[in-house]
Structure formats: C-alpha cells, structure tokens
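In what comes next, chain A is part of two complexes: it sits with chain B in the first one and with chain C in the second one.
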Partner chain A sequence: MKYHFGSSSAKGGHDGDRWVALVGNPNCGKTAIFNLLTGLNQKVSNYPGITVEKKEGLARTDHGDFRLLDLPGTYSLSPESFDEEIVSEQIDQWARGMAPPSVIISVVDATNLGRNLYLTSQLQDLNIPIVIALNMMDRLEENYHIDYEKLAKEMGVAAVVPLSAKLNEGLPQLKSEVIHAFIDNHDIADSPPWMDSEMVSKYASTTHDGYASSRFGLAQSMRDQNKSGMNNGDHEAVLRYRWIDDILSRVTRREVETPLAPSRSEKWDKVLTHQWGGPIIFVSILYFIFQSIFTWATVPMDWIQLGMDNFSTFVVDKMSDGMLRDILVEGIIGGVGAIVIFLPQILILSFFLTLLEDTGYMARVAFMLDKGMTKMGLHGKSVLPLMSGYACAIPGIMSTRNIDSWKERLVTILILPLMSCSARLPVYTLLIGAFIPSITVGGYFNLQGLTLVLMYFLGTAVALILAKVFSRWIGEKSSSSFIIELPPYRVPIPKSVLRHVFIRGKLFLVNAGKVIMAISIVLWFLASFPKVDSPNSEINPIHHSYAGKIGHAMEPVIRPLGFDWKIGIGLLTSFAAREVMVSTMATIYNVEDAGEETVNLKEAMRADVHPETGAPTYTPLVALALMVFYVFAAQCMATFAIVRQETNSWKWPMFMVVYMTALAYFGAMAVYQGGKLLGYS
Partner chain B sequence: MDIQTIIGYGIGLAALIYAIGIFIKQFKTPEVDPKCDECPVLENMKTEES
Partner chain C sequence: MTLTDLSLGETGIIQKIEADTALSNRLRELGLLDGMAVRMVKMAPFKGPVEIKVRHSYLSIRWNDAQSILLKS
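Up next is the complex of A and B:
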C-alpha cells in the first residue's frame, strides 16, 4: 500500500500540503511523540518493534497544521526484518523524489546518541530538512551535557530539540522548529562528509540515476556494493560512526568521569534473566496474574451481576407483557449482561500484560526464552506475539511481522491462536465458577484459580509442541539470528497503562454491544419460534424451536464429548467470537425459563437435569471437557480473517481451523471418556 | 399485531442483517487495526487510495 502525500517536489510541498515524517531507532519514543503531536492513541510500549505499520495523523500548531507520518523503527537503511523493510523502501522512494516529506523529525534517544545518530546521518543524505528530537532527556545522566546548537551545526541539521515525551516536555519547541524548517532554506553538500574525494569518485560511477539527491545515491551505491560483497573494505558503518564519534567528542561533555558501575537495569537483569532463576520468576509472574484474574474480579463481578438483575427487574416492572419486553429481558439483558459481567477480569488481564511490556520486562523474557524457542522451531521474537495472544490473537499475529524468517513467522502465526485469549476467559470462569469447588489444595492454591492457570498452561504447552511439529513439517530451511536491544527498566506511565486498559475494556464492551447483542437477538428468535400450539407440559417449548432442532441435530456428533444440544448451539454461535458461547447459554436459559427476571447462568447450569433420567446435565467432568475444547477450538472469525491477510492465502487459515477443531474435538473427547473410565460422571 | 410485536420483529430483522454484515465484512477488511488503538487509519488509507 502506497502513501501519496503532498507535492512530488524533492524539496517538499508548499504550505497547503506540507507533511512531516517521524523516523528513528526502535524503542526511541517515536510513537509517544506522534501521539503527543497528533492527539491520537497509537500503541506505545517499552519494547522494540511495537510499530509495524506506517501511521498518519494531523499535528496542529499556532502557525498552521501539518500531517505527520509515524514509521516503524529501524537502526539503519539496511533492513533486517519486514518492518524495517517498510522504512527502507519508503525512504528509497523519497530519495527518488516520490512524494518526500517536507521535513523529517529524526527521533534520537539522548541516552544512546552515537547509535541513534547513525540513522540520522543516513537520512541527511536525502537533502530534506531534519529536526532532531532528542528524546528521553529525563533519563540523561546529570553530569552529561550536550551542546544542542553545536550538535545541530556540526551535523548539518535544521535544529536539535531536547525533549521528554514521557514528561510531555519540549513538544511546543519541536513544533516551532518544524515550522521554521518548512520555510528555512536548506541545502547540503553533494557528497557525504564522511566520504573522501577518492571514495566519491569511486562510487559516483556506479550510482543509480534515479535519485533526486546525488549524496543519497553515493551512499546507496556503497550499501549495494557492501551487500553484494563487491566492496573493497569501505564500510559505511565504520566511516559514519567515525564521523559521528568525532562530532560527539566536540559537542558533549561529562563533568566528572565516573567509573563504569553496573546500572540499575543491569543489576535487575542479573536476577530477572538468571539462567535458572529467570524462567522460575517468569512462570511465577504468569501464575500470579492468572490467579489474580480469578480472585480479584469476584467482587466487581458481583456488583455488575446485581446491576443487571436490578435493570432486568426495572424493565419488567415498567413494560407491559409482550414480545419486545421478552427480547429485552431474555435476549438483550440476559445475553449481553452475561458477557458484561466478565469486564473486570478482562481489565485485570490487560493491566498486567501492559505492565509487563511497559516496564521492559517482556524484552527480557524474549531474550531468556530465545534458546528454548529456537529448539521448538520458533524465535526469540516470537515471545511478544505469543504473550500478546493472551489478550487477543489478532495484534499478536500482526506483530509477528518483525520476525525475519518466513518459516518462523508462519509457525508463530499458526500456533498463536492456541494461547488462551481474553475471549476465552468468560467461558473458563463461568464453568470454573459453576462446577469447580473453591477449595484450597496443597496448602496454598485455590482449586478454581489453579484450574484457570492449567487451562492457560495447557494451551501454551500444546502450542510449543505443535511449533516443533510444524517447523519440521514445513521443512523450509530458514533461520535467523536474534538480536534484541534490551531497553532499560522504566516505571510505566500511569496514563499510558490506564489508556491501554480503558481501550481494551471499551473494545470488549463495544463488541458486547454490537456483535453479541445482534447474535443474542437472532438467537432469541431462533429459540422462541415456532410457537407450539398445544404445549406438552413435560417438554419445554424451546426443544421444538429452530435453535432446539439445530442443537438436537448436532447432539449425536458432540455426545461423545459429554455435550448436549444447548452446548451444541453455543459451539455454532461462538464461531463469531468465543465469548458468544456464554451469551448463547444465557439466552437459551432465559427463553427456557420464561420468567420475569433474568436467570443466574451459573445456578441454571448447575440445576439443569436430564428430563428423563433426572441426572445433572452438566458435571465437573463435562465442564472440564468443554474448557479443554475451548482451549484448542478455532472459534474466532476475526483470527481466521487476519491469518488469511497475513499469510496472503486461504491454505494456512483453513489448515489452522482444521487442526485446531480436530485438536479441540479429540482433546475434549479424551478428557470426557478418560474421566468416565476413571469413574467420574 | 400489537406495537411490541412490530418493534420486536423490526429489531430482529435489523439484528439479523447486522450479524450477516459483520460476517461478510470480516473477509473484506480486517475489523481492527491492532497497532492503532483508536486512530482512524483504515479510513485515512481509503481516502489516500481513492
């Protein structure tokens, strides 16, 4: 997909269509600056490679507006991964005069000037005005000083603006310098300052004609020759770094030379990434998170349940008997209400996952697990997508774009939906709450929390085993090295964390208010029609409804798993989204009950008995089998669509659905039949 | 037919059309842009492309 902003002039557009590009290393704060300048809410995190796509917004200033493009982070113009390729290709287009920005904001981590200015020096070759945004000034050592004006002059950029996106400081000055850069005359030397005349004439002969800036052409020619191995020892990196180091020696000053003591992050790393201690701490953190999801959410969930009951009673009291009231009480409040109850759990999970990313811990987890991941046919960079899968598979699948090897990326995509996402949480907690006793085992562990943790670990363990299988089966020989920059540990910005949690909660509620409500209403009709003229008092009319007939038709297939017709309907409707299973069960029980208040789903399921035998329809064994089914089931339309998009084929999403459905079916059957053989009912 | 039944059928029809629309939409454009929590990127891209 191509962007066409502004004029096609190599020196930028005029006032009406001016636009600015944000370019910088991974994890230097580009997106945080983008959000502050545009007022948008792109995801930011303390992990390299969070932005994998180009994003655009509008920045407003007192002197006019400009459009801003946020690009994924890259260390240089020699791409190592798909997201870096996006940047490299985009910059190559600008160099060829194809809709270049009027100004580039080069975001630089002030605590790592040398490495960050490398990319800035490559951008300078474009002959486009550059404003350096010197971010993370709040983290700069007190005795370290930078002469900003001198740095701008020596580098040959329009301005250097010290700022802190975290503290929201320096942004007005950045805007002001960008506006100045639009109107200032800007021109650079035809050859890079780090190239001597001999090199210039050597590479000038092989420079492509298509570049608007001859200086970029010279540098690109050297890069091309480096890549093809034709270079005679002129290394761009060595020459550029030599030039940058020389400048930095003149523009920076350290008051007192302090001995290199380990930083606070390094001290933490000794513990958190310890060969043995690190993984134990990681597993303990995960256990704590999943356990707290279950225990901390109980009280707010009870409040929401009470609110729903009161609302239902209010509607019944205020409306006369009729179809609309039944749809509202049994379909909408019963179905959607059953899902909304789980909001606190979604918020708690989202809160902890955001904390892990924003503190910088997730990058350490990727580093720690790289060796193990490689053994399983994955990659260290697979860790963050897999962990994201605990919240939702879709962003996880998208973020596999920064995995260099296609095979490792494909394997990660294929196994990622096995990580238990937050949509499974309502299913797990409903069944656990209804059928697993809240007792303490082993002196410390609550059985309900432990069961939830087991479901998450089951999905993860099977995902890793399958990664190994798929890796061998796909067979393509490709592997990549894993280099990750470990960001320093940072205290998360409360506003950013709360915004993530809020947005996750909002998405959950919007989904409940749109898709789940629509399905609940359709299901209410299917469960209420056709009306039975002479009802048999022993058999509930719902059995004769369309939904009842569909469910009963499915029963022979799902009976070996211990599932009845109601669960069958839930399995069908939850293809839209897994949590629809819960709203489906709630709607069915509400229609079946036909009372004046919404039923309590947990109690209704516990009280459900077989009409002929009188035996409980749902037992702890059935609940366990159903949870195992949902651990593996491919029930998510959006995941299917995103896998099709990311693999650009129908083959892989179809394969994913087939293998996951087979795994779910036989996994649930093994649990149910195995349990029966062991004497459980 | 009383007013509640008429409105009820109307809501049912709207919900059915909406649910079918969601299914179709999933395979035409992805519903969410996961790296952008709220920004109207998809709309912007459509505008740019047109």
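Up next is the complex of A and C:
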C-alpha cells in the first residue's frame, strides 16, 4: 500500500484548511522558530478541558498562508510526564486519522543529531510529510559536515532545511519547503525501515485497529510491548538508533570524532555548578534580581506616576463637574493608575526569569538543587515552577507538568502560591516605600531592599517546610526519576526574550484593565454612596458609605492584626487579585479626599491619622503585619481555578485556601502582637 | 562496575541497564544503549545526581538510577 498526500490537506486539520504542526525535543529552538514563522500572528489558548498552553499562529508566505500549531517539547512518544503525554496523545489521534496536520515540521538540534532524529523517525511512521528544520546551525562545530540532501533522501523526509533561528537564517527556505510538501506526492513505505519482515509479521498480529497508518500501528505495537516489559529482545530504541546511526555515518563527516570531548559549557560549569560555589552564585543572582527590581524600576515608576497625575489633572480641567468625572478620576484613573505603576517591576522580574531559563542556567539549578529538593519532598524540576511562582503562580503551576511523579507534582502545586508573585509586589512596594526608611544597614544593604528580600524569603522558607510536611502527610511512595538534559549555555535570542516579557506585561495590563477597572468602579460606588447630605467636618462621609460599613463590620476580626476598616475592604477585594489591594486603597483615599486631583497613595497612607486619638493609623509594625499577611494569604481566585483543573478535584484548592488563610491570619497576628509586646507600636 | 564507580572525567562503556522497565526504556530512548561510551562529568554532593556525557549531550541522572547502569570492566 502506498500513501499519497497530495490530497491530505482536504481531510487535514481545522476547517479543512491546511495546517502544520511543529514538533521537537525540549530546547531545540522550537519556540524561537515558531515566533519567526508567525511573527505577531499568534494566539495562546488552552487545549479543551486541560490547562495546557496551545500556541497557534499564522505563517505568511508568497505562495499562501498556513496555520501553525506548536506542541510542547518531548523526547519520544513514550510519555513520562504529563507534558509529554499531551504530545503523544495528540500524535496518536493524528495516527488514527483525526484532524492530522498536512505537514509536520520536525525541529532538530543540529549539534545533537542522533538523539533529535529519534523523535523525527517516530513521527515518520505517521505517513505525514515531514520537513526537518535543522536548527542551531550557527553552533555547529567547524569540522562537522552534514550532507542535507542525502540526509533527506536516506531518512525519507520531504526536505531538510538548515537554519539558525538565532541569526534568522533559512526561514524563507523552510517556508517554501513546507509549501512544497503540501503539494508533493510523497511515497512512504508501509512498514518501518528498521523492522525486518519477521518483526513486521510478528507485530502486525498485535497491532491495534484504527490506525490510519499501518506503519505507526506496527511501531506502536512494539512500543506497547516494550512498555509492558516483555520485549522478546526487540527494542524500539535499540533498533531505531541503529538505523539512525547507520544513516548518520553515511551523511555526516567529522574530521575528528570526539563525541565525549568537553564542551565550552562544561568549562563554565566548573565554576557555575561548583559544589559549593554554585549555590552561592545562585543565591547571589537571586539577591541581585530583587535588589534591581527596587532600584532600577524607580525611574520609570516616577514617570508613570507623573503621567497619571497629569492625565487626571487634564481630565478634571476638560470635564465639567459631575458623577461621571468623579468615577473617571477617583475610580478608574485612581484605581488602574495605582496598578499600572508596577508594570516596570513586573517587566524586570520576568526579564530576568526568562534570561535564566533561556541561557540554560535553570537546568543547572535543577541539577544542583535536586538532592535538597528531594529531601524536602519536592523534585529538581520543582525549582523552575517555584521560581516562575515569583512572577505568577498560574504559569508556575502549569509548568509543574513536566515533573514525572504525581506526588511531587502535587506537593509543588500546593506550596507554589506561597512564592511571592508579582501581584504581591505592588503591595510590598507600597508599604515598604511608605513605612520602611531607606537607610543603609550593615554598611552595605538598603533596608527597603532587604525588607523586600525578607518577604520573599519568608514565603519561600515556609513553602519548603510545608512541602516536607505535606509530603509526609500524603504518604504514598514517590517513583520519580530525574533525567534531564543539561543544554549548552547559550546566548539568548533578544527578540525571544523581549517577546516573552512583552506577553507577561500585556497579561498584567489586560488584567488591570478588566478585573481591576471593574472592581474600582464597583468600589467607587460602594465608597461614595449613600451620600451624606450635610457632611459635618469631623466625620468623613466615606465612613457611612456601604464600603465603610462593610469595612467597619470586619474590624473586630482583623483588629488583632493591627488592621483597620480600610485594609479590611482591601483584603476583601484582594480575593479577585492581590494587586487590587493597592487600587482599592487608592480609590478609598481618592473618594475620601474628594479633591480635584488623584492623591499620592504613599503620602495619604502616611498622613492618615486616627480621627479621635490623632495617632497614625498605619505604623511600620502594621505595615509589616500586613505584608506578612500578604505573603501567606490565599487571595487570587484564578490560582485556585487552575489548581482545580490541574488536580482535577476541588479537594486540593479548598485545602490550599484553608491552610493559607490560617497561616496568613496567625502569621500577621504573631507579628503585630509580638511587635507590641516588644514595645513597638 | 556501575556508572557511579567512574571517577570524574573517566570514560566507560555501557554493558547493560538493569533498571525497571520504565527507567530503562527512557534511558535507551535518550541514547544510552549497550556499547555506548559515557563520560562522568560531575557528581553533585551527598550522592545527588550525576552528570554524564553521552552522544554529544549532557544528561543528569539520580545516583540510584545511575547505579543501575552497568559498565564493562
């Protein structure tokens, strides 16, 4: 039987149009190529039912456009982790003829051909035309030569296109080969070339029905038997590698054969992952990142503040008195503005995280910390999710998918929201800026920066201790392994990094735009009504507003923590998203002030005094207690919705809300009451 | 002798892998086949994972798992 693909676009894909899948090993440069092919024409969505990012984009060429789907990176079709399961399930569906792509681009790291072509050869069984994108050509050793045409012919793929995503070379050729592959009639043998006839008849008998491609069925049948452990001596990996290595010996030439020679990265690693030096360097890097968030961001933050001030003055000048103007200035500009100002810090944080990941350093951190993490009931691969948690818990929780043991993945998810995310940064920044003096301590450290680091440290330390506790408590022995590749150190592609940072910033702003604007408006109403007709000068009307009433009702509960009714309202609105705290306070003060301009929140909070005693409402101690509350509190509903999806039960998110709320309440109480005992106020 | 018996920088040839099915399948898929040469690159302290070089790439494997990779003596 021969397969012809000239017409496969008819059955292929969404809406009957032609589309292309991008498949490859982790770290082969798939994302970089996807970005180059699609430019800004991409959208990120979820696979139905599961929270796995599905990236789709449109590639434009002179000979028509095609749609491109990016799959998560994987080494093979025998999944170990949830991440890889997604890919293998998707490919299994294609093998059954369910919406297969018209062409597959198999991204291959040219510096590690054998291992990368393993997946390519598995994809070939699908009988879908394959174009190999031979990436990282700029990193190829000079003495290494590859005969691309011969490689394509011997493997039996439509084309091999050498390229470099970094230098943006070879992309036009890749596109035109894909277009070619759409219309080319491609003949593919109906059994894998590495199976002899004896094997073919043996595995044909155990092949499952329903595979559109008999070749895939045969390979899958052997895979299933390998998986169950009864391999009768035939092993897919052994046979495939033999076939690949044989081809490579004919199409590649190396003047000096040195597969095990130390690479340049290895020399770097002598220092960067040194037994004792490595961890010290890691901690220094973290410290540097957090200090820079505070120092570098102040300049753009001042600009934004200035811009917002001017904007609201402008609106006040141009619009006539009335409720609409009040909503706009006090509610929306005050509320949203208080959040937008934190954009620079969020951009800086995600910039550094992306940098650590893209250079290949994060894999080293996982290697260095695996032993320690295992001791805490976690996994070397928990490090990246936990660090992403510093930016946002949601991508962090989603990136636990590559942890290959369910128990360790669950423990990682349970503690992840304790990593202070960037939504808490506005709260910390506001309180630190307003109440912690900017003085130098210990001759070297800025007290404000130090306080910030302390908050991150507190969350992280408690998270690790709880990981141990939860892991004991869940019991169940773990069966994980830790087999990861340590990719070579690479200079990241600036465009890729910037795109990532841009997407993070956009998500933050969209959130600020939607949730925060809505809450700011609702809050403005609650804080402004009912209006008191003749406001007597002593008592501000906001006390009698709905918001004031709710806040005052909460006061008895939060008084032991040193919080007043305004903070109470902030805590309530924070359930939507933590950073709303800041906009809430801003809206309350704006309404309270009722002046022409938006108030400076920092100064307003500092100047706030108790109406009767005249003592300051907020002291450094209250600020500290409030920060500790935010370190622990379960406030972001989106996080728990994701946990619900990833753990497939309400049990775990509910558990998290309970334990985090308890931690927050008693932690803040301990700080406030303890501080008072020590004589602070 | 097993993989963990190699000292830093030393090279050995894989004789066979004696691990449970899932682990040995995964190791094979990453190219650790009988007869392949491996070099010990790094050992994390306290019997943490080891880093080896095989087939032009660097892999990290936990100590216990590495002990199931037998080398020709």
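The criterion applied here is as follows: the second predicted complex is superposed on the first by the 638 of 681 C-alpha atoms of A that agree within 3 Å, B and C clash if a C-alpha of one lies under 4 Å from a C-alpha of the other, contacts with A are read in each partner's own complex, and residues count from 1 in each chain.
Just so we're on the same page, contacts are C-beta pairs under 8 Å (C-beta built on N, C-alpha and C of every residue); 3 or more make two chains touch, one makes a residue touch a chain.
Nothing here was measured: the structure is a model prediction, and the numbers come from that model.
Colleague: Looking at the overlay, what does A:Ile519 touch: chain B (first), chain C (second), both, or neither?
Modeller: First partner only, chain B.
Colleague: Going by the contact rule set out at the top, does A:Gln291 touch chain B (first), chain C (second), both, or neither?
Modeller: In the superposition, A:Gln291 contacts neither chain B nor chain C.
Colleague: A:Ile642 in the overlay: touching chain B, chain C, both, or neither? Say first, second, both or neither.
Modeller: A:Ile642: touches chain B, not chain C.
Colleague: Determine, under the contact definition given at the top, whether A:His235 touches first (chain B), second (chain C), both, or neither.
Modeller: Touch partner of A:His235: chain C, not chain B.
Colleague: Would you sort A:Gln93 into first (chain B), second (chain C), both or neither based on which partner it touches?
Modeller: Neither chain B nor chain C is touched by A:Gln93.
Colleague: Report for A:Tyr75: first if it touches chain B alone, second if chain C alone, otherwise both or neither.
Modeller: Touch partner of A:Tyr75: chain C, not chain B.
Colleague: Between chain B and chain C, whom does A:Thr619 touch in the aligned arrangement: first, second, both, or neither?
Modeller: The answer is neither, since A:Thr619 touches no partner chain.
Colleague: Counting only touches as set out at the top, which of chain B and chain C does A:Gly57 meet: first, second, both, neither?
Modeller: So A:Gly57 only meets chain B here.
Colleague: For chain A, which residues belong to both interfaces, chain B and chain C?
Modeller: On chain A, the chain B and chain C contacts do not overlap at all.
Colleague: Quick one: which bits of chain A touch chain B in the complex? Just the residue numbers, please.
Modeller: Chain A residues touching chain B: 1, 3-5, 38, 40-43, 50-53, 55-57, 320, 322-327, 392, 394-395, 398-399, 499-500, 503, 507, 514-515, 517-519, 521-522, 524-525, 576, 637-638, 640-642, 644-645.
Colleague: Which chain A residues qualify as touching chain C in the complex?
Modeller: Touch list, chain A to chain C: 75-76, 78, 80, 111-112, 114-115, 118, 226-229, 235, 237-238, 241, 259-260, 262-263, 265-266, 269, 273, 275, 363, 366-368, 370-372, 380, 481-488.
Colleague: Help me check something: in the complex, which residues belonging to chain B touch chain A?
Modeller: My answer: residues 2-5, 7-9, 11-12, 15-16, 18-19, 22-23, 26-27, 30-39, 41, 44-45, 48-49.
Colleague: Hey, which residues of chain C end up touching chain A in the complex?
Modeller: The touching residues are 11, 21-23, 25-31, 33-34, 37-39, 41-42, 44-49, 51, 53-62, 65.
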